Structure formats: C-alpha cells, structure tokens
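As structure tokens, here come the structures.
Okay, so chain A shows up in both of these, paired with chain B first and chain C after.
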Partner chain A sequence: MLCRILRKSDPESFVLYLWRNRPTIVIGRNQNPWKECNLKMMASRNVLLARRTSGGGSVYHDMGNSNYTVVMPREAFTRDKCAEMVSRALHHADIPAYVNERHDVTVEGRKISGSAFKLTNKRAFHHGTMLIDTDLGRLHGCLHSEAKDDIEALGVESVRSVVTNLREYSLSIDHLTFCQAVMREFGRTFGKLDVGRNVTVWDESDTDVVGMVEEERKRISTWKWLYGQTPRFVHRFGGVVGGKPVVAKVSVYHGHVTEVSLEYDAGQEDADDCGIFQMISDSLVDAPYVAADIRGCLGPISRESPAAAELCRWILEKIMEAASGDSA
Partner chain B sequence: MFTVQTASKRAAVSVCASRARIHSLLHIPTLLQVASRQRSSPVLAALDTTSFAAHISDKQPWIERRGFGTSASKAKEETVAYKLADIGEGITECEIIQWFVKPGDKVFQFDKICEVASDKATVEITSRYDGVIKKLYYADNDIALVGKPLVDIAVEAPALAQQPKAKEPAVIELAPAVMPSTAAAPQDFSCERTNDVVYATPAVRRIAREGSVDLRFVAGTGKGGRILKDDVYRFVESSREKPAPVEPIVVATTVAAQSKASRSDAVRPGSGDHIVNLSPVQRAMFRSMTDSLSIPHFRFKDEIEIDALILARQRINSAQQPQADAAADKITLMPFFIKATSLALAQFPILNSRVLAEPGATPRLEYRAAHNIGVAMDTPSGLIVPSIKNVQDKSLLEIAAELRALVLRGKAGALTSSDLRGGTFTLSNVGMIGGTYLSPVVVSSEVCICAIGRTQRLPRFDGNSDRVVARNVLVTSWAADHRVVDGATMARFSMLYKQLLEQPELMLARMR
Partner chain C sequence: MSFRVLTKSFVSQRLTPSLLHRTFATKKYTPSHEWISIDKNIGTVGITEYAQNSLGDVVYVEVPEEGTEVELGDVVGAVESVKSASDIYSPLTGEIVEANQAVTEKTKLINSAPETDGWLFKVKFTNQEEVDNLLDEAAYKKLTEADH
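Entry: the complex of A and B
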C-alpha cells in the first residue's frame, strides 16, 4: 500500500498513514532473512515474514505495535522531522520521548520506535514503528538468528538496541490514542488537517481498498521478493563428521546456492571424500536455500555411502538451523 | 487575470496572475487565511511571496517539477559519465540494490536508473538526461561512491556544456546562490519573497541556478522580454570579463512589484542607484491612498472582553449538525463581528454613509440602506476586500456561510466584481496575524473602518471587587471620516459595539 500511496499521491501533499498488523517480522529492503531472524521460531509461532521497500533493519510487528508513515515531497524530507513530530505527539500523552542520534524515538535511553526511509525523485517517506504493548519476549526470540555469526553478508545489518514498550510509561496509551495524538501533531507540523475531510479510516468493509491490499499482498508474498532479493552472502559452518572436523562454505546469491565448498580442517581429503564433496556441491548449486529443497537435493547422495549419508545429514542439520523458511 | 473596478475608483487594475497589492488599508497587511502555494503557468515561475504562510510552506526552490526534456537543437552525441549525485544526509557511499536499466537501454530524464540503499534509507536514482545507457559502473550489491560515475549515458543535448555540479532536487532544503560579481548576502530562491517577475523557462532557470546567476539582472531577448539560455550564457561571459561590481541590467519585464515594507526586507544587493517606474498596481494604490489621506481621520480604540462571545460560539458550533457529506460547518468569531457591526449601524446609520464631494459643489452625504460589510482578506492575487451584502437581513449562520464561500473564491482567485463592489463599511481582522492597537485607513468610498486586533488573555478586576480574573481581551481600532462624523458618534458606536459583543444576548434581542 505504501508504494501506491508514494506514487499516486499529490506530489505536494503530506500524507500520514497509520496501521498495525498481525505478528510479522519486517526486514529491510536488502537485508538477509537468514541472518536477521530465527525462521524456525517464526514458523513455529506463526509469525510471518515480510520485506519492505525502504531500507533499515529488522523489526517485529504485532497488534501491540503501531506503525506510522509520513509521505512527503522530497525536498521537505529530513531524517529527524517525523521522529520529532512523533516525540511531540507522545509528549501530549505525558511520555518523555526524544530522538536519539540514530534518529530513533527513545524514552530514557530505550528505543521505542525504529525508522526507515525511502526516497524517490519527487517524494519520500519515513516510516516507523511504535512499541506500545508488544510481546518483547517474542520480539527478541524471533529477531535472534542462530546462524547470525555464521553468515557473512552484504546488505544492511540490523543494529540492535535495547527496546521497551510505551506501556511501561503510560497505562492509558493504546493504538487509538497514539493515532489521535500523531494526527494532531501531524496537523500542527505540516499544516491544517481537516479531520472531517482528510482523514480516512479503512477496514474490511472498504472493498476496493481490500482489493488493492490483496494485490499488494500477493506481490510481496512471493518467495522471489522475500528471499530472492537477498544480496550475496556466504554461510560458513563447521563441525565434526565421522570423527573429522569439517568446514563448509555455502555461497548464496538471490536466495539460490551458487557454490558449495567443503573441506576437512586438517586437509585430509582422500579421493572418495573429494568425490562426495563434488557431488554434494553439484547437486546443491541453484537450489533455493530452503531446508526442504536442500533435503531433496541431498537425498540421492546420502544413499551413496554411509560417509556421504552422515555428511549430508550434518549439512542439512546446519542449514536447517538457518533456513527453515517456506519453500520457493 | 481579472480586472478590479469599483465605482469609487478603488483600483482600476488589470492584474496578471502574480501578487498585487490592490488595497493597503492598514499599515499591517491583513490576513484572513493562508495563501496557498502558487500554481502559476510554467512561464511565470515561482513568485510565491506568501510571507504569512505560517502553515504549509513547502519552501520550493525554483526547480522544475515537471519533466521538461532538454532542448536538443544540435544532434551531436556525447557520452556523459553520470555521477552518483549527493543524496544528502551526509551519505558518501551506498549499496546498489537493483538496476532498472542495462547497457543499450534508452532512458529519459527522470526515468529510474537504479535503487541504492544506505543504512536506513533506500533511494531511487533517476536519470538527469535523455539518452542511451552505455555502461554500468557497478554490479548488484556493489558499493557505489557518491560523486563518482554511476553510468555512462550517450546524450544528444548541448546543454551539457555547462557541466553542473550534479545536484539532485536537494534533500538539503535550499541552495543559496551568490551573485558572481558582488559579495552580497546569499540569495535563496525560497518562496518568501521576490520583487520582480522574470520570464524564463524552468530549463533556463536551472542553468541560471547552476551558474549562480540572478535572473533579475539578466536582459531577456526572447519574446516579451523572456530570458533565453543564450542570454544567461552571455551574462556569465560578460560578468567574468568585468570583475568589478556590475551595475544590474534592467530587469527583463516588471509586471507587478511588491510595495509593502514588510515584504521588501531584501535583497537588492547594493549595486548602485537606479530608477524604476511604478507598476500599474502601485500607480493605482498611489491614487487611492492619496484620496484616502485627504480624509481627516478621527481615531477611537477600545477593549472588548470576548469571553461570553467565545462561549456563545462554542455552543453554536456544538449544536451544528453535520451536513450530507461534509463535516459540520463551524463558525469563527468573524461572523459575530460582522453582524454586530450591522446591528450597531442600525443605531448609527451615518457610519454607513458616503461622502459625495464633487469639486465646486457643496459636499453631501449619501445614506445607504444596505449594510454591505467588506471583509479584508489575503488571497493569491493580493489583498482584496470583498463584501457580504445586506448583512442586516442575514442571520449569523448565513453570514458565516457566505464568508466561507468568499474565502474559498478568494483563495482560488475567483472573486467576481460584484463581490468586490458595493461595500459600505470595512472590517479587518488583522489580529489573526498580530497587532494590538492598529491605525486603519478609511476607504475613500466609505466613512468608517474597524480593525480588530489580537485576542490576548489578560488579567482584569472582576466587577468592583479586588479579585483578579483572566479575561480574553481584544482591541477594536476605529477610524472615521472626521469631516462628517464627530467624535461622540464614533465613541457611542464603539460603546454599543462593545456592549453587543460582550453580552451576545443583546445581539439576539436586536435580531430581526
């Protein structure tokens, strides 16, 4: 929806868009889902994955988190403008919020809102989260990937900060009061907001909006967008297989394996080992980096020999830690 | 364009779609609503001189917003290394996320070339030129450096000879441009002020901006004094040859000039005296002000406590029902001021009259039955005083509706001559901007004027006790033609007006 608003709204206008959604991890435009979030936990807890078009790091959304977006002419854009507007809105709710040097809205040193930006030729938007009453335990759990240290990636890495909920500072704040405060402050900052005329609330009954949302949802749910937009990365992991320490390096580009390199730490590969390594490597190339597909590729090889089977099992286990995502 | 002509020779002016002060009734210009940003034609570019735009001001520099293609007068091809422009925010490098073009693709100005990402922002980089992509300098996910070539484009247009410092429509708010010859204060092309109109297309303006040329000093040789690209080039050449301060060449075409002192806090860099003729608007104002100043003014000012009025308004507004498809119309205090004027005029009809004084004949007074109260408002075309007709026959809500309609028409520049003609009394709500004690100038076709100052919360004694309470107070500043109105009449009128507004029930008692 955001892209539509970005492209279709009047070039001179300032648009405020407020919403919230079911539990989802939203990663930045060029981030790495394997590195940023715990796909296994997300699958088990029914947390969706989404990739947005603006940059920045990963965030966790649930119904206790409210999102705000301000779309504005490109020339009017600065990083702090909207964050400061939201801080002022929170002041009216007696919450001492301020904007820190990373342009995040913070209370007492703890982050309550993250921001990301997108700039096009004429328009720009700033969107941010606001943790009102989010399940912080799940937030931390889902945003911590087991394979984090093993993956070396290009793209933007999230910067972790200590977070807190607004609930800690106010018993009366909720999504609705937050939205109202932000709308008022938006009107004050950017010009007259005629509540009767310029404010639209969308819900399930707006069929055309729902239609648009459905189209967008299809577009951004494809594996190609969610996983295939990941920049090049290398997943390095080691272990002991058949008594011998082994190191594997899987290179992935746009979500598909481009190269697998296996070697024993001490360099004691014999001809058989080389053969197996080669077979594994060949079978995995071009496979989507998803557990189910990897298992499928390695299946035939594991039948070759016990050693091969053990190797494949180990590789799969390691990859499963990171790549439990949905299949392509 | 519209012609304003009133029976009383107010201002016979033909105004082009630029700012014009038709009336300056007050020393402080009046504002009733914010003038919105300009939407003038491409030829007449940014002349938005809203210095009162306290609300939305997009501070638009003179940047072409529409995609004007470069004028390709020569078909010569030239490969340009299009550098990654400064995307602002102090970013020096960013990652290429996605290419939208490949070598061999044809691109037009403003087409997307690629998308880059920095730590928190993704930015779409668009093309500056029309042409064909020859080479991409980076692959996906490479780190691109700001200021270094991004792509090679084979371009046709000759305008590249200028080779500007590549500057995208800036994330940085305004780009100050300095006169090449004088070390004057940097001028910014913000919408706060300009004094003169220059005719130049956006492409020419861009070239001027990049060369730090102030177009007001460039002589235009195009049609109607329009400044062409060559004029700018020539100017740059000539100013380079003469390092000494250059006497500004007469401005291309001056159609309307600002005359308010509050506006001209700028900006002629001291480059010598010069004489300029009065614009048509200035000439009209000169005439009407000269007429007005022949009127000896009696001045009377008084405070009004408007707490009861505010309460009455709140009650009326909360009782307002939402209409079919719009929110309920809330009224402001202005309809009250207008109606109270009319009610008071019923007692003192002399203040709604007009002086007829032909030279040689004995002066006479024309009493007028209709109370056509003029309301001064600031519109995109300047200060205008449309009037609400027959206020004596209208209810508060009707007056409010008509006021709203006038405001909208004024904003859209759609006021008709019947709106502007036939006023018999004038009200000005300058308090919206500020000012407590004002000295309005009586319109020469009327005998009285009122300026309403700012509402302030002030301490006052409650009745006869020593208890201090907070009251909302504003000052009404009256001026009347002392040739026909004596001080006592004006004073009594003001006292009645004050009474009506301080005790709104009295207005109710007099309504027909």
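Entry: the complex of A and C
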C-alpha cells in the first residue's frame, strides 16, 4: 500500500516492510470484487475491501495474518526469491515450510502464504501474506461470492487452495516472532541489515511522509479504484417471475451498467412486458453496480404496475446477492 | 527464416510500392521491452518476444482509451501474468489513435504473436527526436543478451 513511498527509495536498494491490518479482503489489481468476494457478508461483518496494485488472487487479512513486502531492483527479481526467504525464516522457527510451483509458501501441502508481484520500469515489489492465527471460517465465508458462477468476466480469477494457520505447527509463533525471523533472513539474503543505521522510523512529525500516505490512502479507497477498476463483466441470472421463466443479462464496465437485457423464455413477452423491460433497461444503464443505486433506479418503475413491481423486486434480490458493496 | 524474409521483400518490391513501404517501416525498441513500429507519424506499440517470454502466460491486458494524450514514459496500460502486474509505458509523446481490443479479449495473442497480432496501441507522435532516441534492433539485441 505504501508503493509511492517505496518507489521513492534508492532504485538499487532492497526494502523490507512488515505489517498487518484489520479484517479486509484484498483483491488483485485485475480482479472482480463481485465475483471474488461475498460483499453482503463483508458488509455485515465489517470486513473492508482493498485492491492491490500487484497481480494475483484474493486474500483475507486480519490481525492473525502478517504481511511482508519486499521492494527490489527489477533485475534482481525472481518470483521465488522472497518466498524462499520467508520459507527459510520459518525453518528457524522449526516449521517445515517450502515454496510450491505456484510461488506460495506451504506446509504439508497446505498454503500458509500467498504471493503477488508488481513490476515497474526499475523496481519490483513482492507482496506476501502469512496466516498465523487467522479466522479461517471468516476467510472462507468472505472469499465466496454467491454470484461467482453467474458472472463471466475478463481479468484474473483466484485459484482456490487449501489453507492452514502456522498455529497448527507452532504454539510460540506470533506477529513479532515472525517479523524478527523474516528480518534476520532478509539480512542474510540481501546483505547485512544494520538496525541502527538502515531502519527508518517515521512518526507524525514527518509531514512529507504523513501527507504522502494520506494522499495514497485517499486514492486507494476511492470507489473508482476499488470497484471501477474492475475489468468488463456480464452477470447472468434467471428465475420465474409471475409464473413465467425469465432470463436477465447485465453488462458492466468500469463498475457501471452498460447494457441490460431481459427476456421471457420462449418469447412469451407481450407489448406491456416489452415496455417494462425497456424502462428497466433504460433506468439501469450508467448506474453503478451496487444494490443501493440499483434500488434507487428501479423504485419509480415498481410503481407502474403490480407486474413491474414483481419483476423489479426479483431483479433487485438477484443483484443483491452479488452487489451489496459500498455505494459509489 | 532469413530466406523467407528476403523472399517477401523481394516479392513486395516487384508488386506494389505501398507494400514496399510497409515492409520497410522502421522498428524501434525501448529498454523496458516495448517495440515500436514507425510508419509516418504513427507508432504501433507492443511488447517484445523477449518480454512475453519472461512474463509467462498472460491472463489480462489493459490498453489505453483512444483519444488519450500521453507523454513519453506515462503508464498507459497493464499486463498480468503469473500473479505479476506489469506496467506498460508509452514510448512516445502524442495521442492514442487506436487500441487493440482483440488482445483484451484474447490475451494469449501476447504470448503467441507479441510482435504482430498482439500489438497494444497506436500513438500519433509529435516529437521526432523521441523516435530518434529509441533503440534500434542491434542495440536492443545487445541489451537483452546482456540480461542473460
């Protein structure tokens, strides 16, 4: 998240950043939150959404998960280098970790740490998670979208892995012991780390840094970045409304509806139906794909007729399964 | 390979002058592994064979919007492969006049044909000096060999 500050570092340097945060689903740069997350559950459990600038799939963070970021010269980058470093750090804590073919750190075939990378002209970033004592129930719940199979999307789909916590293998490991082990191994891998000289401590009097963090925080918490950055997708759903089978198709680009198609199976629409379909489609185009906005658009149409009200109620219910996220 | 190329230019020379021109459009390169094919004041940009090979399977491509004014070095797109998001930079200052939508739908084109059908965008450039500063084929080849 501190990409901008880290980017300002000496282009030849290796920087290690260790951190953790409150419950959040973090999706990859080119992912679809409607497809990857259970936005409804996240809203009810107060789990935040974040989008990385690095690639890869979705992960769940909470205070039981520690994150590491390494920034290095682009030429020094390989996908396994930092994962291997973290794996070696765990060996010192008596945890038999190894890196698998997906560049994840695993123990006994179960994933404990995911990797994601960002490559710029001169620099490369490696982001990694480490499940130490995470709420795995919440992890699974929040990473499962009810609309997953109904959404056809460009972009990157997460690969599901069996996960576990380090707690299964060590009673003593925690955020601090993990950080110390990684710092030691970082020093061994990339050159001696002189804590007295090489560690920068920032506090609130560093107005430059505080200002930059605030600016970056604002940018990455905008709707435009979290939802609007989503690659083009189509949400298809079907059901029975007023005794007739109906199929809906909503196309979304940059988080906004671009096209809506509604039809009864086997062309059972009459002129009234077509009129309502057209009104619904017209009202939804350009709306952000968020339940609250969709509800606002459909309100006036619901008052047209009982049939229209039933159709609108059904559409909203279906869209809420996928789109209970934050308003634009 | 060299024989085939030779034959092609030979045939085009004998056929039409426009084909002749196309065959000899200058190809330039950047140190960040983009290629630029220069035809009059339009540069067609993509990533090199070397770049696609080091990236691996491309799963997502983002191209710039047509009409965008860009400056040399601006981030104008993105490519994702094997959990890595890479920025695409504009090698020239000018206006984006066309973007390859086919490659956003069929990202494998970047791997299978990075220097032909897998082109990313066309920029109408305004500064000839920037073109002159790009690497020629020999200089780019030297750079990628040094990377090994």
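The definition used in the following text is that the second predicted complex is superposed on the first by the 312 of 328 C-alpha atoms of A that agree within 3 Å, B and C clash if a C-alpha of one lies under 4 Å from a C-alpha of the other, contacts with A are read in each partner's own complex, and residues count from 1 in each chain.
Rule of thumb we're sticking to: a residue touches a chain if its C-beta (ideal position, glycine included) is under 8 Å from a C-beta of that chain, and two chains touch if they have at least 3 such contacts.
Being a predicted model, the structure only gives us computed values, none of them experimental.
**Q** Clash or fit: chain B and chain C on chain A?
**A** Once both complexes are aligned on chain A, chain B and chain C clash.
**Q** Once the structures are superposed on A, label A:Ala116 by its partner contacts, choosing first (chain B), second (chain C), both or neither.
**A** In the superposed model, A:Ala116 contacts both chain B and chain C.
**Q** Figure out whether A:Arg45 sits in contact with chain B (first) or chain C (second), or with both, or with neither.
**A** After superposing on A, A:Arg45 lies clear of both chain B and chain C.
**Q** Scan A:Ser54 for contacts with chain B and chain C and give back first, second, both or neither.
**A** both
**Q** Just chain B (first), just chain C (second), both, or neither: which does A:Pro73 touch?
**A** A:Pro73: touches chain B, not chain C.
**Q** Looking at chain A, does chain C or chain B touch more of its residues?
**A** Here the partner covering more residues of chain A is B.
**Q** Does chain B (first) or chain C (second) touch A:His144, or do both, or does neither?
**A** In the superposed model, A:His144 contacts neither chain B nor chain C.
**Q** Once the shared chain is lined up, is A:Lys224 touching chain B (first), chain C (second), both, or neither of them?
**A** A:Lys224 sits against neither chain B nor chain C.
**Q** Enumerate the residues of chain A that count as touching chain B in its complex and touching chain C in the other.
**A** 28-30, 53-57, 75, 79, 103, 115-121, 154-156, 231
**Q** For the complex, which residues does chain B have touching chain A?
**A** Contacts found on chain B: 37, 55-56, 58-61, 63, 65, 87, 89, 95, 97, 110, 112, 115, 117-124, 126, 140-141, 168-171, 173, 322, 326-328.
**Q** Okay, in this complex, where on chain A does chain C touch?
**A** Answer in residue numbers: 28-30, 53-57, 75, 79, 103, 115-121, 154-156, 231.
**Q** Would you mind writing out the residues of chain A in touch with chain B in their complex?
**A** For this pair, the touching residues of chain A are 11-12, 14, 28-30, 53-57, 73-79, 103, 115-122, 124, 154-156, 190-192, 194-197, 229, 231-232.
**Q** Could you pull out which chain C residues touch chain A in their complex?
**A** Chain C residues touching chain A: 32, 59-60, 62, 78, 80-87, 89, 104-105, 147.
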